[in-house]
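You will see two complexes here that share subunit A, one where it goes with subunit B and one where it goes with subunit C.
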Partner chain A sequence: MRHFKKSHLLIGVGLVWVALSRIFQGEHTLELATADNTAFTTSVGDVAASIRGNRTKSSAFIYFFNPIRAAINGFVEIIRSIISVPSGNSIIPVIGWFGVVAIVALAVYATSKLRTALLVVSLLMACGALGMWQFTMDTLAMTIASVLLSLLFGIPLGIWAGLSDRVLKILTPFLDLAQILPTLVYLAPLALFFLIGTASATIATMVYSIPIAIRITAHAIRNLNQSPIEAALSMGSTPKQTLTKVQLPMAKQMIILGINQTVMAALSFVVIAALIGAPGLGKPVVDALIIRNVGQGFVAGFAVVFVAILLDRSTSAAAKAQEGFIPMTPHQIRGRRIKRAIAGLAAIAAIFASRSVLSLAVWPGSINIAQQVEDVTNHVTKWVTTNLYIFTVGFKDFISNWVLNPIETLLAFSPWFVTMSAIVLIAAVIGGIRVAMLATGLLALIVLSGLWHEAMITLTQTIVATLLTMSIGIALGIWVGRSVRAERIVRPFLDAGQTLPAFVYLIPMLGLFGPTRFTAIATGIVYSIPVVVKIVSEGIRAVPVAMIEAATVAGSTIRQIITKVQLPAAKKAILLATNQGMIFVLAVVVIGGFVGSGGLGYLVILGGSKPDLQGKGLVAGFAILLLGVTIDRIAQASARRT
Partner chain B sequence: MIFSQRRRIATASIIAAGALVLAGCSSSVNDTAESAKASSECGTWAMAMHAWNGYTASAQVVTEVAKANGCTITQTTLEEAGVTYDAMEAGTIDVIIEDWGGGRWKEWVDRGSVVEVGDNGNIGLIGMYVPPWMAAKYPDILDSANLNKYADMFKTSDSGGKGAWYEGPPGYTTIGEKMISANKLNYKAISTGSEAALVDVLTKAEANKTPALAYFYTPGTLFIKIPGLEQSRVKFPANDWSDAANASGLTDYPETALKKLASKKLMDSNSVFATIVKNFNWTNADQNSVAADIESGMKPAEAANKWIAANPDKVKAWLGN
Partner chain C sequence: MVDGKSSAGEGGSLAHNPPAVSVRGLWKVYGPNPLSIVGSPDAKLSRSELRAKTGCTAAVSDVSFDVAPGEVFVVMGLSGSGKSTLIRCLTRLVEPTAGEIFLDGEDISKATPERLRELRRQHFSMVFQHFGLLPHRKVIDNIAYPLEINGMKKAERHARANEVIELVGLHGYAHAFPEQLSGGMQQRVGLARALAVDPQVLFLDEPFSALDPLIRRDMQQEIIRLHRELGKTMVFITHDLSEAVKVGDRIAIMRDGAVVQIGTPEELVANPLDDYVANFVRDIAKSHVLTLKYLARPAMPGDEIDGPEPSQARMSCA
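Showing the complex of A and B:
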């Protein structure tokens, strides 16, 4: 075996696959009409129905799920009544908009620079001016609630995993899984147990953000300089003392950085959480998708981006403030105390003002530029969709006919055992026997679920979107990796692309490509390009300068340097980027079920609204998970093996 | 540069905020709170919002009438059916003003969380439509028996070699696949995802004289915008709807009297909102007139109030017991 090149083996597998696919086209494809159930999906549906029917009767609900739901709901409502919704008998929240702006500004000012505080103020005011004040506050409340709960569980677990190898080993698969899991998947199961509403949304957000808190905390504890710890232990400190007096203080800055990442993860969930009733900025975005008002979607989308920048800057400023082990001089400490005292007094005054003056309590309706932003966006989109429609549809048709359809024919319209064997063989060549066995198990489960055909349709879209993403992403990544100026130009777009919710540009994509599979693919590309470009450009930049100089001295052209030196050296980064890109793409491609992409995502969405297909939707969600793990393991193996 | 600009904007906004403090000092929050409390007997209720324009029209009119009578109404956009019934069970939704599903809420009604409140007066009819230019050019296309003859025309790059059958969004009542198999049609159902996408498909097809076969329904304003569309509904063999649960033989959509559903909590209350919901009833033409205003860019509340002002008698009837 070993003397064959891997690429030859892969080509061989591909050729046999295509040949068999041609011969047995359309046989044993395991196609199942959308409205039909299998025995398995019916029984899952029955279980779901009985769970739903027992919500008021079964003790699991009365003593477990319902109290959790009530507690979380209550917690979120308290935070909301402070900053967002009218509290008690009043018609205003405890703190009006002016008070919130003041508190945030002064808190940031007290922990970091004036410049950051001013930035934060202008971002908050911009959200208000976009007519999104209350949605923004709801989002802040949801984010604060889920981050606090995530940290409450995440930091202790992270510390534990940092201290104990066994705990880390047990937790790691779950952490991996949570990061692969497309967000759409676990909404329905959560809603089944916690109903639609803030509780489900908060828990869903936590599933997404806890792993990050755990990971970074564990990492922080594990990567400490060991000598102070050894010193403490040798001087007779108990493990507890060592933890609280040495390890935690040393890891503090890293842990605060983890808080920043946890906040960002929680925030990236706000839009999709609106699907299960979360209050906040996701609501106008999802509404906009449904009524297809691009402008409205962007207005809310901008507010999401503003909140993202706001939270990122203020939490990372707090992390930086922890820097340095040099103790402050008494003079500095006094200066800081005075600064904080003044800030505190000013905040109290502002809160008082925001409670007694209506125009400082409720954002004044006269300051609202939402309509203008909406109109401009809608005009631009309308122009683009009417004038470029011919081109975009042409491009869509080209990709559909020459890339999408052939791959779909190969994957979804070959007999299932042919496709499955081919994927397993590819996994074996790329990742070895263990990965192949894992793939066999996972794919067999998909076959047993009865949704093989739909899974292959989703896989096709994921592959096509990844191919397109990588061809754009590698090119951009090389450019950004080779030129500082390019990075400066591209960086803001990458940052915006990573924070702007995919739902926002799903709407214009729908206008450009109609209700088709390609709409989902195009959205997936936009969503995953930033991460691919980041990883590839870092890989290119990490190529040792000496290698490039040597090549230059030897008379290589720029093209030769890129293709012969930088790309091969950055191969690992590229494969890693492919892996990440695929996971990102999968998460969005399934959301494409909303815009006519079919596949597993459509079944998940359908299951949410058609009671007789609820079981099928839940099974489809599980199949997405299986597919995600399969893709991830094969792609990871290919990155590891180089 | 960017920073100094940001700083300038920020400084400007702080000054603006300061100005607002001074300007706003005259009005006191507590006075307003008192007056709001006085008329709050009706209570706060949540209206489910579904994703089609006609629904928005009905829901907004009910909302505006309720508001005028001292109610506080919140609106929440949700998918049709199960999701919303669950929300009613959880106590976060009180009213669905237009439900198309024939009794799919039974499970929730049996559990006592959802109450059927009767017809809302609108008659719904779903169907498969072709753009009017096709109906004019190929008159026999309106008989489902001839659809296969034209299947090639409806092919797209997404329809797998068959005719593209643009199906309603996931949340809607759809039986396209069953219609295709029951009538042995060489078509593939493609989900569209939203009302707007359906509007888009049919509007573009009529404007560009391209073929399309798409799901649509009345009441709907699209029939005003595309003259002749209402007559371009493809007729399928009639079928027996007495056994809707066992739907294997379904071949076409029936006319449906659209229903109102409410939470038990609302119906048990003595709130005037319960009365309004119970009595709300209007015609397809009424709904279309409001929906058309919304579609032409009027804000839903504005359009609803315009209709309310023009139809005082109807509104008065909803308020009486």
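Showing the complex of A and C:
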């Protein structure tokens, strides 16, 4: 009865909204020309300028921000001087390229299989051959530095949150917020306090990756088999003994898995952090995107993908080595010792060689296939866009004309109060009065910021990308959830898709669709489908076998089983997937500001480069945050209410 | 009322020695304001009524009993009867709401955290249904764990662990890991670990419920053997009446958190106090439990001591 009423209410709200939008089309849309500031954005710009001016004077800077910046810069520079930039008086880093390849290969070999080691070597060499050696080393150095710092804070906090309910309760809102926050949002504010450069980039990366380390560590501690812990307590263990002798050893494997995730998150952020001066592969990616050179973007993009695979394989190999508690036989232990000794000696020899032979120290310029790769990709892109025009542009135009434009008209070109009331009413129907009040507050803040119209443009793209993501993702998720074979086929792509930095997806999409709104949407779809498929397929697979057997025995067709048993039973997973999908999509859609998506993301990026629009960029970042929280709260309420 | 029955003094030992474990008016109530339930008229309500009225559940309600030194005292009940909560209250893995627990005359329920740790390390230990072994440690280091946290040197604790390994029949498994062992062998490790500190009292929480029937029988024999050899006081939880009859000197039957009847197996079978107990013991073949000793009354003056003639009968009496 209640459900019936709810859907009718939603349709009613929709109809009134469309009607009002038709009548008042184009009025009170709060449009603001890109170059214009409001009084509010101007004053935010002034505040930002005064903060910047106070860097050498204010004690907050002298005693807090500047020392932190100096310490982090110093730490990152030490790691960079080992593998990337000339150290001290030398013209080469402490370890030349040959030494780096050898160390990485031998370290992987010592913990895992020869095959993984060979893969890792070829990936590193490929980065060198793409002419990206120095950028690759910078990215590695930045990632290593941020991961070490993230783990330094994240693991102890995670353990604490795992042991204490109170700590978890305090941390949870921050962890949630960090998960909703699109990456683009906190770059500018951090740069304001820590200057553009490695320190800001490292801190921003930590903000992004620490929550992951905390969450997984806390989860690892909380989900242990309780019976050994109870036994340890019954024998009179102190809390410290229980932690060090029981809980941590049992949680070790999961915590190492968390390190893998932290590394991947850090990598994807280090690439984006090029926007605030992080050295590394992000820089050539950004450069290529700005001049719209797809081939050049591919060269850098490949290197990013290679580094991602490299880091994922080597850290997950380390996690696998921890599987099970059964130790090796003495014979195996001796074998491993010999293996490690040889690897260690070989690494020392390689480092020595890389310091004494110039061609092993600096990547030889003669080995460079960047130009060829660039030419081939530009060629292929051109061929695709001319010959498959009907598919790329046809699909783009179809979606633009029939989905994107109508929704944009409704959201962004209706009077702001009509759109806002409609969203609040929808929130009320879905989530109840509290969610509606929250939405009212958040949306009112967006209106006050003066960037309502841009926010609605971004919301439109988010909604369209989410709709497409969900229709593809649910279909794929059902397939993967029902068939073991499908899972085996799709799984590697899902895993790869989740480890790649969002930034990289922009490059091929730019090649296919050119600099348009649709490029951002397509990137958002590609980026968020893996997570949606994963959650939906897990939900489908979690439906009890007995339920399906009962339905089959009752004579259901496959279609009936899917629609009447599996989908309803997996409803919670689907709603969760929608929520996650939306958050992922929003994060990418704002990055799409680079390739012509407009909206808030564009303003953020513009604010970074144009001093007189800096305030507007900061406000836009804040508006993205407000939008993200609004979307998340409404989506979560709908998941909770079922 | 329970109290009176239990300390009535079957088995002469109780009358002479102070009890090893003595429980008085023990309560564990979950829910809002649990103390208000203790001893109130509400406590007499059934579980669902109590819950509806106060939102509380009395997992253990007003339990009292004594365990004599060297006795195997079995607490038996169906799932949800509160027996697991009871044994956790005795070891304070769960904090009791009210009541007293005396171990050799010392009230455990009032022990400070430090004293409680000391008691756990030296005076009693516990065996768990799901073994609770540390998966990352070898058998020998699992068994040595309680000695290790007590600060014993490695060589010393391994020597002691090896003794216990022999005692429980784990010879040759010292360097295996728990997941390499069958359930029965894992529980032997659990037993060995509990015995390593040479405790005065052993608490066993459904130690064999997770095992296959055949292995369960072996392990019951094992516990009987160990009890004969070591003479430890044991509090043994089970939901299996035949197990209770087999290992127990006396049995307490629990229902809805309260003790219904305490007695030797013979008494429970011969004189069930109510239908609930009668229902329980109905399937036990009386001939297995009731011995001639129970059926016969003590000799009175003037009784003929000699049996009737055929010489066989005489031989068996002698």
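Here are a few things to note about the model shown:
We take it that the second predicted complex is superposed on the first by the 543 of 642 C-alpha atoms of A that agree within 3 Å, B and C clash if a C-alpha of one lies under 4 Å from a C-alpha of the other, contacts with A are read in each partner's own complex, and residues count from 1 in each chain.
Note that a contact is a pair of C-beta atoms (placed from the backbone, for glycine too) under 8 Å apart; a residue touches a chain by one contact, two chains touch by 3 or more.
Values in this document were obtained by computation on a predicted structure and should not be read as measured data.
Partners subunit B and subunit C fit side by side in the overlay (superposition on subunit A). In the superposed pair of complexes, A:L233 makes contact with subunit C only, with no contact to subunit B.
When both complexes are overlaid on chain A, the residue A:Q566 reaches neither subunit B nor subunit C. Taking the C-alpha centre of subunit A as the vertex, the lines to the centres of subunit B and subunit C open to an angle of 160 degrees, rounded to the nearest 10.
Of the two partner chains, subunit B is the only one that A:L510 touches; subunit C does not reach it.
When the two complexes are overlaid, the chain among subunit B and subunit C that reaches more residues of subunit A is B. By the document's definition of touching, of the two partners only subunit C reaches A:Q241; subunit B does not. In the superposition on chain A, contact of A:P249 is made with subunit C only, not with subunit B. Using the contact criterion defined above for the overlaid structures, shared-chain residue A:T578 touches neither subunit B nor subunit C, since it reaches no partner. Closest contact between subunit B and subunit C, by C-alpha atoms in the overlaid model: 32 Å.
Counting contacts by the rule stated earlier, no residue of subunit A appears in both its interface with subunit B and its interface with subunit C. Of all residues in subunit A, those touching subunit B in their complex are 33-35, 49, 52-53, 55-56, 89-92, 98, 101, 115, 118-119, 121-122, 125, 191, 195-197, 277, 283, 286-287, 289-292, 353, 355-361, 364, 396-397, 400-401, 404-405, 510-511, 514-518, 593-596, 598, 602, 605-606, 608-611, 614. Residues of subunit A that touch subunit C in their complex: 225, 227-238, 241, 245-246, 249-250, 252, 324-327. Listing the residues of subunit C that touch subunit A in their complex gives 91, 93, 116-122, 125-126, 128-137, 145-146, 148-150, 177-180, 190, 193, 197. Partner subunit A is touched in their complex by these residues of subunit B: 3, 6-7, 9-11, 13-14, 17, 20-21, 23-25, 27-30, 32-33, 36-37, 49, 51, 53, 76-83, 86-87, 89-90, 92, 104, 107, 111, 156-158, 160, 166, 170-171, 175, 177-178, 181, 189-197, 200-201.
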